[in-house]
Each structure stands twice: as C-alpha cells, then as structure tokens.
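Below are two complexes that have chain A in common, paired first with chain B and then with chain C.
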Partner chain A sequence: MTLLSPAERSYLRDSLTASPIIRPDSRTPHQFRPIEAKTSFLSSSNGSARVRLIDGSECIVSVKAKVVDLASVSNLVEVDIDVDSFRDDSNFVTNLKFHILNSLANFPSTVLKLTTKYGYKLFIDVIVTSHSSYPLTLISLATYLALKTARLPKLVSEVNDEEIAEQPTFADDWAESTLIQDLLDAPFQPPVLITLGIIGNNIIFDPSIEEEQIIDNSLVIGFYNGRVITPINTISLSSISNGVNSIVLVKALELGNKYGGMVVKALDTLIEQDIDDENIF
Partner chain B sequence: MSDRRRILGPANTVTPNIPNSTGSRKPSATNTQSIPPFFLKHSIIENANGSAYLEIGNTLIEVSIFGPRPIRGSFVDHASVSVECKFHPYITPQPQASTFNSAKQTGRTGLTDVEHRISNYLEGCILPCLLLEKYPKSSIDVHVSIISTDRDDLKNNANLLWLMNWIVCCTSVAFVDSGIEMRDVITGGQVRLCGDKVIIHPDLEDDETDEPSVDGLLNFMNLKNDEIVGIWIEGNETDLSTEKMNQLVEECKKMSKIIRANINSYLINSFK
Partner chain C sequence: MDITEVISITKPQSSSQYNNIDESNDDSDIEMGESSAGGASAGIVTPGELITEDPIWMKGHGTYFLNDSTYSSVAGSVSRVNRLLSVIPLRGRYSPETGDHIVGRITEVANKRWKVDIGTRQDAVLMLGSVNLPGGILRRKSESDELQMRNFLKEGDLLNCEVQTIFSNGIASLHTRSLKYGKLRNGIFLKVPSSLIVKSKNHAYDLPGSVSVILGSNGYIWLHKTLANTSTTTTVNQNAAKIQGRDYAPGQGSISITRLEEESSWEIYSDQNDPNITSSTRSNISRYYNVIKALAYGELGITEQRVILGYEASLAYSNIGSLIDRESMEQICQEVLNSEKMRG
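What follows is the complex of A and B.
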C-alpha cells in the first residue's frame, strides 16, 4: 500500500531522523496517540473493554470464563482475534493472535484453578472494527483493560475434591464476584505490548500509519511490572524495511523502561475514573 | 549569516553510519566448537530459480525460490515477496503447537498459527536484505519445507527459535543461488542466557533448571555494519538489564559470524 509520494516520504524521513525528532502530528517521540476507553460494558462477559484511537481505530475485547476439566485442556487462556476485512486464517490476523497469546505466556494461571480437577479457562475475544496503523498495541491495551476489570464469580462449593468428586458451584450474588487481582493477593498487571518504530538511530512510540511507511523497522516489546520483558520482536509493517543498528535495541530497552510505566499508569487511572455511564457510544 | 571566510562542505551532508567499536569482553562460550556441524547444499531443485537444503541434527530444511516472476495488474515500483513456511504433515505435534495452534486446525488446508509466525518472521528478515526496487512489477515466492525437526518441546520457544535461525540461513543461501540481487547474506545467532551461562542450543537437561533465562534469536547482515534484520527474544527473565541485552547481541553476533564464515567458504568452493 502506497500512501505517500516520494517527495512526502523524503520529507517525513528527514524530519523523523532529525534531532530532535519532528513527528507529523507533533507528538513527542515517546507519546502515544490519545486513546478513549470504556470498561465493563458487556453485561454477558466477565470483563470487557473498548479502546478507540483518535484516527477512528477501535477495538473491543471481551473476556469470558468457562469452567473446564483441567486434565482436558492444555492452556487456560485462549485468544481469538477478528479484524475487519481480514480473513481469520490470514497471516496478519494469526500473527496478531500469536503475539497476544505469547505476551500472556506468563499469565498467573494458578488463580484460574478452582479445585484440583476444575479450573477456569479464559476466552479472550477481540474484535478490531476499524484500524489504520498496526493494531497490536491497540489490542494489547484493550486486553489489559478487559483482564484487569474481569470479575470471576465466587466459588461456594468445596475446594478440595481429591477424595469426594464435586462439581463446582458458584454464588448467585454477582456482588460477591472477585477481580483477578483479589484472587492473586498482589497487584495484577497483565503484560502490554508496545510498538516502537525505529528510524535511523531514533525511536518513536506508537507509530501512526504515515510513520509506518517510513520507518526502517519496528519493534514490539512487552512491558510488565514496571519493566520491559520478553517477548521482544521485530515486525515489518510496510513492504520496504531496513536493517537496524544493534545499539537501537538497547536504546529501545531503556526508553521502554522509562516510559512504559506511564502507559500502564494511564490505563490504571482510566479504570479508576471509569464511571458507570449507560451511554457508551 | 553563514560563514563566508572558510570553505565549508555542502549543507546537506550525511554522516556515514560507522558503528562504535565495543571494548574487550569477557570470554564466552560461543566458539566454532559449540555450534553443531551442519550440512548445506544449494541448487537441489531444478525448476526453482533458487534452492537450498540444510541439515543440522534432526532439523532438515529445504527452501525453494521462484521469481522474480512478472505479475499482472497495475504497476508497482518494487517486487512483492511472499513467504510460505510449511511443516511436512507428518511432523506432529509442531513445535509449540500446544500453546499456539488451535485445535480446529487438525484437518487443515491453510497454514497453522506457528507456520504463519515463522513465515512472517522470515519475511521480515529478507525484506531489508533484497534489492526489491530492482524488480518492479514482479513477485518473488519463497517456499520453505520443514522436513524434520528436533522435537523437544523446550520452554521459552527455544526449539522454535533454533529452527527459525536455520530457516533464515538456508533461505539466504537459496537467494544467493537464485541470483536475485541482495545487500548481504543473512545469518543469525540463537543463544540462551541463563544466569552467567551462555547456552547454545539448549537441550532438555538445560531446561530443568528453574533459573530464569532469556532465549534470543537475532539475525544480522554481518557485512553491512552488522545491521540487525530480525529480533525474536523470548524468556521468563523479568529483569532484562542493558548489560544482558548487550551480551545477548554480542553472543548472537559471534555465532552469526561463525555461521557466516562457514556459508562463505561453502559458497566460494561451490561456485568455483
């Protein structure tokens, strides 16, 4: 897809490789595009979130929990992604799914265990209704919000079913449901994935669609517990890409450590301030 | 007001990209002995424009390249690359399939999720290396068949990264064979950093330790200032320090250069 003329490309490249970096939408290098989000609005899901970007990109995530026999399932988190105008088995969609699933590899799945035999399996369903730039960060932020606000019903039956087989039963009162954070007895912060654009020796956060056409390569880093964690991956966002200098990787790590916390903090503030507003659209 | 007394260079100069040399480092485990021997052969498929075959341990990879072929339709100023990596159907389960492949893909027609990811990574590596603008209005198709794998399901996707590295190396030899213009031959290094240890190709014994580790795969264009074309880092290490990252880059670079030297001498001998 060619969006820019050669003259525009050259202009944009010069301003992005300049020092200080000049971005077309006058953001600072580590600034995200403004996002608008809403959580817990799907009444039939355990957790839900919707994130919108200023360019009209929108992503809805729903988290549902199902009680399963632990012996019959291999992993307790399943992700399904649907992107508008892409086939589900396309390379684009399956790679998004791979990255989200991979970032959740460190998910504390012990909290999902109900008894020795049964546990919750989380189904994370993602719909990207519209997007212009690569939607991975958008999906990741929405998944963060949905998981963070997901409520699981309270188990009222016996936890120990080693000797007497028992089907788990749950409290009818939804007010007694708990957040994953409460089950964990520790702050629960699902990892988020941040897209960085690399251009020359410069790094920009959250590249827009125009910037994606220009950058040499892009890096997706995981951010968890105040630090950059694995997975760290390069992703080619346009059909033209270049090799990058190895110092950029270290620089990305430093910048990620420095600014990633702000992203997570912004999301947490968003959850706190999210008031029950019936009219979400 | 510009300086008129001195003769200055033109205003729009570009500083060449010269990497700063890194100081002396502590000796590492990465040497020629630590990489298992591998077998490589190109031009094995007659009707492909380029092909290569690589064998390391139980990992067998075959790559064929078709193109540049003309495409119909509107004009594009550079070639488009399509990559398809496939495991042979009798490789079950595929590496890391239990985590990533969904159950409904058993009676499959298209690629599985792991295959898609491998294809995507490979595409990311070869795009910076090919001179695509030399081939307007054409397409280059890369087909990778994974005939056999070292099937141990290691943590951190280590076996997937190991396989990936050799796919990239084999593909770049196939590109040399195809005669498609490229900037450099891509090779890569894949190491695990576990505490102070550097492990190349971890086995199940290395996997038993509870110590957090980082598995990294980095692919380089070694002749072009060691530019990185692909990064894939996995692990359960939560404390990724700058030193660790530097060490990872250095170790991978070292391994990449050893593999590169091997490929170079093979290519020189085979095109004599």
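What follows is the complex of A and C.
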C-alpha cells in the first residue's frame, strides 16, 4: 500500500470535508466507480460472474451446487474467498468471508432441499485477482450476479423419499434447469454490501485507495429488499479510526436507502442484458 | 434520477471496439516510437520472435542470443544503433536516464541518503549531499543534518527531482539542487504508464484554470495549484527594499540575504498546504486528473498540449464525475485527436 505524504493527506482531507465534496476523481459522493461485469461465463459451474473496475481490480465468483446428505452438513451455503497476495487464514480474508457469509444468513435454503434426505449445498468460490481498495463491494456485487444467474438442474426423481429410499436423479437437458428465482414464490434478492467512507460529517460511497487512507471510519451496510438491513458494521481501512457520530450514522442509512436500490437495479439490468444475449445464440 | 449517476455497470468491451481506438491514434504511436528508437525503428516484435539470424549483430537490452540467432525477450520496437541491436519495450518499468525530470516518493531514510520510489526496478537514491538544505547552497552537511534527515524528507513524502547519474548496478542517483525541485504540496498525485510520457525540454507546466502539472518522465504526475509567484524572487525583492530603506553598511545586505534565505529555506520542506485553495481550483485539479486518466486509458502520449485540449473537451461535461465512464474517456481521446488534426 502506498503511503500518502502529509501534504497529500491534508489536501485530500480538505477536499473531502469541504461542501460540496470534491473527490479526487470528481465523483459525486454517492457515485461508484464504473464497473464492467459479465455473468454465466464459466461453463462448469452453476452460476458465475466476473466484475472488474477500470483500474484492473477484478473479482470472479463461481457458484457450484453439490448434492449432499442433509444430515451430514450444518449449513447449505459455503463461501470461500481467495485474495491475491493474502494468506487464506489472514485477518483480511477472514473478515471478507465473515461479511459475505453474514449477508447470506437469510438465504432461502428451503429451495436447496431436494428430498427429506438430500439437498443441494452451494459452494460460493470467490477469487479476487487484483484489487487496490477494499474489495468487499466488488465481491458482494459479483456474488449477487452469480447467485442470481445460478441455474440448478431439474430433478426428475421423486421428491418424497420418506417410505422408499430415493437417490435424486436429474434431467440431462440443461435447458430445463431453473434459476433459484423460479423456485421461490417471492423475488430472490441476495443482499448487496456497500462500503461507505465517513469523513467529518460527509459520507462517500465506494472509497478509492487514496480516500481510504484519510477517511475517519468506514461502514459496511447491507441492502436488501429495498432498504438497508442489519448488520451494519464499521471497519477500519486505515490506521486512523475515529468513532462514528450518531447523526452521521443516520445520514449514512438515509443515503443507503436512497441509492442502494439503484445499485440493485443496475445489476438486474445487466443480468437481463446477459440473458438476452444468450437467447440470441 | 438516473442510475448512471450512482453506478454504471457495463458489459466488458469487445476487442473490436478497442482496436478502433488504436487505429485512430496510430500516428501518435509511430511518432513516439521514432523518438525513443532514435529514428531506426523497424517494426514491433513479440517475446521469442526471431529478429535476425545474422551473428554479426551485438545483442542489447531486450534480446537474447541462441544458436547464432537473436530473439526478442520483450514486446516492443527494434532499435538498431550501428551494430547494437536492442528492443525497446512498449510497456514495463521506467528506465531512468540522466537529466530526466521525475516525481518520486520517499520509501526509506537510510545512512546519509533517502531511498526513493520512482517506478524503476530498484529504488533510486537521493544523497544528503544532493539536496538543498536550509541555510543556503554553500553550507556544508554536518552530523546534525544527518540526524535530522527526517525533518527534511520522511517516508511517504513526494518530491520532484532530476536523475543525476545512473550507477553501474542500475540504481539511479537523484538530485534536487535547483529551486524548481523539492517537496510537493497543494495537490494530488497520479500514476500513468511511463511510456506515455513524451520527453520534452520542460516537464512542469502552468495550465488554464490556475492549475500546474509536473509530468514526471517516470509516469508519476503531480497536479497542483499554480503558485502566484516563486518565493525566491520575492525574497530577493523584499531584501532589496530593506537595503534601500536603510543606510547601507558593507556586508549588511549579504548577511540579511543569507538569513532570509535560511528562514525561507525551511519552507521548502514544509508539509503545510496553501490555506487558500479555492474549491474551483480543487475541482479543476480533479478535472485534469480525470483528463490525464482518460488520455492514459486511450493510450495517448501525454503532452502539455494534449492535457489542455483534453481539459477544453472536458468542459462540455458539466458533471465532471461522468468523466470516469469508459465512453466519456474514449470521447475525450477522440476529441483531443480531432482538434490536433485540425491544428495540424
């Protein structure tokens, strides 16, 4: 990580605490960096997504489903994160994993049950090939895309195995596979995690690496079903860590409620475009 | 409200779109290739490509020799100087040359020297003897200076300097022995690939909108507020005024010159920014930041003229934040090229 000089720090701090906020790349406070994304590009996994920023930060997520004996597993969703140049047991990776897993706590796991004995277990594998700023938002957006486009094969065997033991068998035709969305009555919306930077009384979305080093504190908020959800965590991205003022916290939640929907909408639009493209061929 | 004002998520661009841009800036690439290859460029080679089977050529940088044939070890343009054959890489780390005006960041304070990150393979060194110290140019470096080196420059500090020499092991030695060099304040830093910086006589420019830029040859760029006037000239003028106001005694002027210089010299190592940077200057700096990023994205060589043309083109965007989108960046590059063509 590059260290900023004291003059740079104070210049950036003055710019970010000013009103209106002037960010180094002149984004508005609630503007994310532009993202390029692609879904369903790994043929060997049930769902996949690739998200990258223009600076080269990139995250690849694959969702794989495996039939397991329900009695032998404790949870049906497992997340594994691999970040370039970080050990798997490092604090950094463990924290990312915790945030993602935590956000998926309300995953509708009933759809994963095939019979009373067997069910799918989802393995969400995340690779961050390169990153400059804290990659949580990137991972979360990619996970959202991968889960939304994940297809599960159609079960052709009996659902009821209470009297006669039944091994689940599946249709050979991939065209008959279904999205998780179609198995649910309600719309399927995995939560999206948004990183907010707090500096003075100002709040910035998606802080860049330079901004990360001078902000007072950062918040991770979940956005689900049209509003901000708990847990709301603070994380420290730099050596500075000041407390969070309650007024700022309320403001952060308001902004989250206001703009979170846009992020979800943009992601959904991309999924639709990708599905349309697939239908052409 | 438009979604793109919050987030823009697009599909990855296809390679054909990208090639279009490349074609349009072909002329600039050739121009750069020629200047760096000394007018003897002969096409582009890729790693492992056979350059010549003739063993009379001497192998230079970026080549390797196998069974009497010379192959390229990097992707770049071939340069032939007399019998010396070398390949100048298109991308890669900056290779310093004596006299380059560069921007660097201190990484380490060592014995009588600072280590400076300038984007080369090995960190450059800045000797204690190669900087201006408070107290004037003629002062000798004492032990107390060695002890308080962190008061001048410490880890993380940015400075602009010049490459003095390259040691035989490839490490660059820097100096800041001029009033135009020294610590950087009042602005922001950005990096572009060093191959995009076109070498010229001058690398520090004043731009429209009271913003100045230092385009370091190593691809490190500093955008800052234009200073009203340099402190040195004011020092001398103030001094002259003082002398005129009083009865002149021999030696008096020179003493006060030294003292004033002593007082002002500490300013060159100050970490304090100018307290009066207006928000319009700040947003202009951000605008230039995005323009330079856009030029780098379009792989255009970065020159003073192009930065200014890009700035003028960017004025069409009232919302500067939209400049970070891919389309806007391509648009800016296109407009810069168009206006260059019109001006000839």
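Everything below uses one rule, namely that the second predicted complex is superposed on the first by the 272 of 281 C-alpha atoms of A that agree within 3 Å, B and C clash if a C-alpha of one lies under 4 Å from a C-alpha of the other, contacts with A are read in each partner's own complex, and residues count from 1 in each chain.
Quick note on the criterion: contacts are C-beta pairs under 8 Å (C-beta built on N, C-alpha and C of every residue); 3 or more make two chains touch, one makes a residue touch a chain.
Bear in mind the structure is a predicted one, so any value in this text is a computation, not a measurement.
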Given the superposition on chain A, are chain B and chain C in a clash or a fit? fit
Tell me the contact category for A:H30 with respect to chain B and chain C: first, second, both or neither. second
Now for A:T234: first (chain B), second (chain C), both, or neither, which partner does it touch? first
Looking at A:G243 after the superposition, I want to know if it touches chain B, chain C, both of them or none. Which is it: first, second, both, neither? first
In degrees, to the nearest 10, note the angle that opens at the C-alpha centre of chain A toward the centres of chain B and chain C. 90
Tell me which partner A:E254 touches in the superposition: chain B (first), chain C (second), both or neither. first
After superposition on the shared chain, which partner residues are touched by A:N106: those of chain B (first), chain C (second), both, or neither? first
What is the contact status of A:S10 with respect to chain B (first) and chain C (second): first, second, both, or neither? second
Per the contact definition in the header, classify A:Y224: touching chain B only (first), chain C only (second), both, or neither. first
Taking the superposition on A as described, I'd like to know which of chain B and chain C A:V156 touches: first, second, both or neither. neither
With both complexes placed on chain A, how many Å separate the closest C-alpha atoms of chain B and chain C? 6
Both chain B and chain C touch chain A at residues none
State the interface residues of chain B toward chain A in the complex, per the touch definition above. 17, 19, 78, 80-81, 98-100, 102, 110-111, 113-114, 116-117, 119-121, 123-124, 127-129, 132, 156-157, 214, 220-221, 224-240, 242, 245-246, 249, 253
Chain B partner, complex, touching residues on chain A are 74-75, 78, 89, 91, 94-95, 97-98, 101-102, 105-106, 216-217, 219, 224-225, 227-236, 239-250, 253-254
Please give the residue numbers of chain C that touch chain A in the complex, ascending. 1, 3, 5-13, 105, 155-158, 183-189, 271-273, 277, 279, 282-283, 286-287, 289-290, 293, 297, 319-321, 323-326
Help me check something: in the complex, which residues belonging to chain A touch chain C? 2-8, 10-12, 14-15, 18, 20, 22-28, 30-38, 50, 52, 54, 141, 205, 210, 259, 262-263, 265-267, 269-270, 273-274
